[in-house]
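Please read through the structure below; I'll follow up with questions.
Residue numbering begins at 1 within each chain, and the chains themselves are lettered A, B, C and D in the order written.
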Amino acid sequence: MTPKITNLQSAIKSLVEPGMQVAIEGFTHLIPFAAAQEIIRQGITGLTLIRLTPDVIYDQMIGMGCANKLIFSWGGNPGVGSLHRLRDAVENSWPTSLELDERSHAAMCVAYTAGASGLPFGSLRGFVGSDLPQYNDSIRFLDCPFTKEKLAVTSAIQPDVAIIHAQQADRQGNVMLWGIVGVQKDIALAAKRVLVTVEELVDKFAEKSNATVLPSWTIDTICEVPGGASPSYAHDYYQRDNSAYTEWDEISRSREKFLEWMKHHVLETKSFVEFRERIQS
Amino acid sequence: MKEATSQEIMTVTAARLLRDGVVCFVGIGIPSMAANLARLTHAPNVVLIYESGTIGTKPSVLPLSIGDGELAETADTVVSTPEIFTHWLQSGRVEVGFLGAAQVDKFANLNSTVIGPYESPKVRLPGAGGAPEIAALAKETLIIIEHDKRKLVERVDFVTSAGYLRGGNERSEAGLSGGPSAVITDLVVFEPDSVSKELVVTKIHAGVTKEQVRDSTGWDVRFANNLCQTDSPTDQELVALRDLVRRTKEARRKLS
Amino acid sequence: MTPKITNLQSAIKSLVEPGMQVAIEGFTHLIPFAAAQEIIRQGITGLTLIRLTPDVIYDQMIGMGCANKLIFSWGGNPGVGSLHRLRDAVENSWPTSLELDERSHAAMCVAYTAGASGLPFGSLRGFVGSDLPQYNDSIRFLDCPFTKEKLAVTSAIQPDVAIIHAQQADRQGNVMLWGIVGVQKDIALAAKRVLVTVEELVDKFAEKSNATVLPSWTIDTICEVPGGASPSYAHDYYQRDNSAYTEWDEISRSREKFLEWMKHHVLETKSFVEFRERIQS
Amino acid sequence: MKEATSQEIMTVTAARLLRDGVVCFVGIGIPSMAANLARLTHAPNVVLIYESGTIGTKPSVLPLSIGDGELAETADTVVSTPEIFTHWLQSGRVEVGFLGAAQVDKFANLNSTVIGPYESPKVRLPGAGGAPEIAALAKETLIIIEHDKRKLVERVDFVTSAGYLRGGNERSEAGLSGGPSAVITDLVVFEPDSVSKELVVTKIHAGVTKEQVRDSTGWDVRFANNLCQTDSPTDQELVALRDLVRRTKEARRKLS
């Protein structure tokens, strides 16, 4: 009932297996960089990665060959441009081919909510006139049983593991996040198992309007990882490191430079703490 | 005052199209810049919604990403992303959708998915994001795009978000209301012909020639009979825009 | 864009017309007693009343002939027993017949959410084996377009007017409620027009976890009505007056006693303030 | 210690069936009393969910209504009522549903809608509330009801919430898992027969005769071969229950 509170290395080892469907979520805010890098470090492959907005960390995972499928709606470097590793995988199958299940944000949201709600599908007004349904069988249409209107439907998403980052957990293992809360509650409740990395463990939560609280018994494992969302941000803890996003554009353009950077910063570091030291030096 | 650049003219022209008090769903980048410029000039009561879940946000600097902390801190309320799409967009509460794209075609369809065929793209673009539903469900859509032959095309390689499809009544027959009311570029303003729905140049920015527009447009472009010149940015608009850009640069420099 | 801030009498007069669909919501907490009584006072009839949990105030409205249809899922006096006026209307058509559109809480919630989301229907796992769908055409079944499972669907609810009570509005007309927030956000966003009565107008909201905030532009009219949810309660303002619920059982058992009580307390008082004075004397 | 009343025996017996640590969706009234008694005795880690939106609530006094402030103040989190039904019940997170009803029949179907025909009822009952989905979706359901011939009937006048329908495999063939695992009354405990799904008396409270049970049950009631006597409430259980009832009465008196 109570989540295990452990270190990130053993958390990833016990939760994430090759071939799993893994959603590592965060809408610009609270992106679990530390946890995702630990997956790279452990060399886990064959994953289906799921996220509305795959960004720099998914670019790293895709470039390192962790994934062979991506379920998503917008894959870019926010405010900067393309994800070069994602493009290289889709355009040139490097380092491996990447199957796409591509929806829109609204459809991904509906799929997460359906997943969290125990429904096999969700409905939305969408995709009329769009070419996306032609290439994606997880988007279909039905007629409303009452009004006969044509509506889009999309299949539920229920990943094997969801990984999110939050500001706080209390000693009982309840988790609280606030600010831009994105899709995290839905994906956490949709997943079979949930890992949460948090900025800090606290005795008691303060009042925070718009807070999302996940009760302890909905979570499998909690890791205290200060700065674990960096270079994205954690509202009331630290701000977004925009320069890291800009620099990624340069690093990720060439395969060689990318591999070198990943080797030096991720593979040759033992943990996120060491990674941060190397980045800052 | 330094003369306005073509990008400044584009931003100011787009901003002016946003009426005060409307509810506007804002895409990141130039749409966000134009929407906030409108809020800081003639439209102080515009309600800006970003897909990250921030409603009624009033950022003093421009967000680099769609979910910057600044957007949450200055919002009237922050809701989940699923709720933004269901309760706020799909419900019909959004009056204006403000979008960019990689390609726009003659009938104002948008492509942000691929250049080339979907299965083996020449360029893989970021993808749909929130655009298909914004373009479908906002009561009206404004589109901002740089004027370039590869961007303004006869037919988009991929319809990510529906404009007027293949023109005429095709959009409304497909069950969609609304639609793009203007495409603003750094050279002109296009509006859809009321019958054919083809994008027609209705305004041309100061100093731009028809020749230049023809050369930069991927279809055999038409000019409206009542074609007029875009009103140049006022000093007040330029000051507001340049202040906004300066504040944004300073804020980002501080963070780096 | 900004809601009108006015008194309750003119708010009801301008928003509620005979024959309308009206949802007056509150899940035990924050029930808009004052606003609903003003509808009785103004003698508005022919309403379709909508609520998950019609309780004492709907019993008063039904007994006074305001409604000829009820869309609901549980009609009782919470913790006490039956609603005698509701029973009299259904069992004996007194004072008039009352058509029922009866669903379950889950189905009502789904119908409100669909209404707030601009969808004509919502799906749920429910009603298999239940007799309710036989008597209610607004509950149907469909096959999931992906898994072919049989799921229940229910038609969206989008009332003409929603009335809710909240703890606070700010000077711009934004509204905040907290504690048990029930279905209020969904019904407010589902309705064509929205009236909110509040305990007080404040300059700035404090942080409140689990708070629901409704932006000013989603609301048509706000009335400051301190105690306007009494005898239900307003979290952090006043507690539930359980004795009023118990006493209602006695008052409402006979038609005569009921009519006399309503005349003395509601019809012969000019406002909720006078009503409260008379109740407390 | 004053001897246990039959209602106390019912409550204690029901409470015991709630295992520690389970997630329990609680109906108001005696189910709420029994669930909280369990929490205050052998099951301190039980997670109580009420349909008003309170999750992990730990009230020190019993709520009179399903949405008392006490429930919110002592909860781990409070969510909207729609979310309770979609994300917490329908998702399959609820292990035990704890329900009452006006009528229960031989196959544990529940009626809380009408006595008599639906269109012209003899008695109009409050209605379904959350029960149909709790009965359908909880992994297991416990039902508490006073033992009375008019309440324990051969066939309910109206199936509000499905038990085993007409018995046998009918429930699972209809696509429902779970189902009632026990019906606890002030005289006995019923459990469904593993094949026919008919409710059979498996435990009989101290001092109650089979004759008494037969006379108070609306169908030709069967007793299990391994019928045994209900363990009587312990002093500790009775003290906890009586304290809870006393605290509740005092709190309500203070409010009136």
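Please note the rule applied: contacts are C-beta pairs under 8 Å (C-beta built on N, C-alpha and C of every residue); 3 or more make two chains touch, one makes a residue touch a chain.
A quick note: this is a predicted structure, and the numbers were derived from the prediction, not measured.
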| item | value |
| --- | --- |
| Co-neighbours of chain D and chain B - touch as defined | A, C |
| Between A-B and A-D, the pair joined by more C-beta contacts | A-B |
| Centre-to-centre distance between chain C and chain B (centres being mean Cα positions), rounded to whole Å | 41 |
| Length of the line joining the C-alpha centres of chain A and chain B, rounded to whole Å | 28 |
| Where chain D touches two or more other chains, by residue | 77, 86, 90, 137 |
| Multi-partner residues of chain C (each touching 2 or more other chains) | 113, 118-119, 124-125, 149, 185-186, 210, 213 |
| Complete list of chain pairs which touch one another | A-B, A-C, A-D, B-C, C-D |
| Touching residues (chain side chain C, partner chain A) in the complex | 118-125, 138, 140-142, 144-147, 149, 151, 153, 155, 176, 205-211, 213 |
| Chain C residues touching chain D - in the complex, by the definition given at the top | 27-29, 52-53, 72-76, 78-79, 82-83, 86-87, 90-91, 102-106, 109-110, 112-113, 124-132, 135, 149-150, 179-183, 185-186, 210, 212, 233, 235, 239-243, 245-246 |
| Contacting residues of chain D [partner chain A, same complex] | 21, 23, 45, 47, 55-56, 76-77, 86-87, 90-93, 137 |
| In the complex with chain A, residue positions of chain B that touch it | 28-29, 51-54, 63-69, 71-72, 77-82, 85-86, 89-90, 109, 113, 118-133, 136-137, 158-162, 165, 170-171, 174-176, 252, 255-256 |
| Sites on chain A touched by chain D in the complex | 1, 113, 116-119, 174, 185-186, 189, 213-218 |
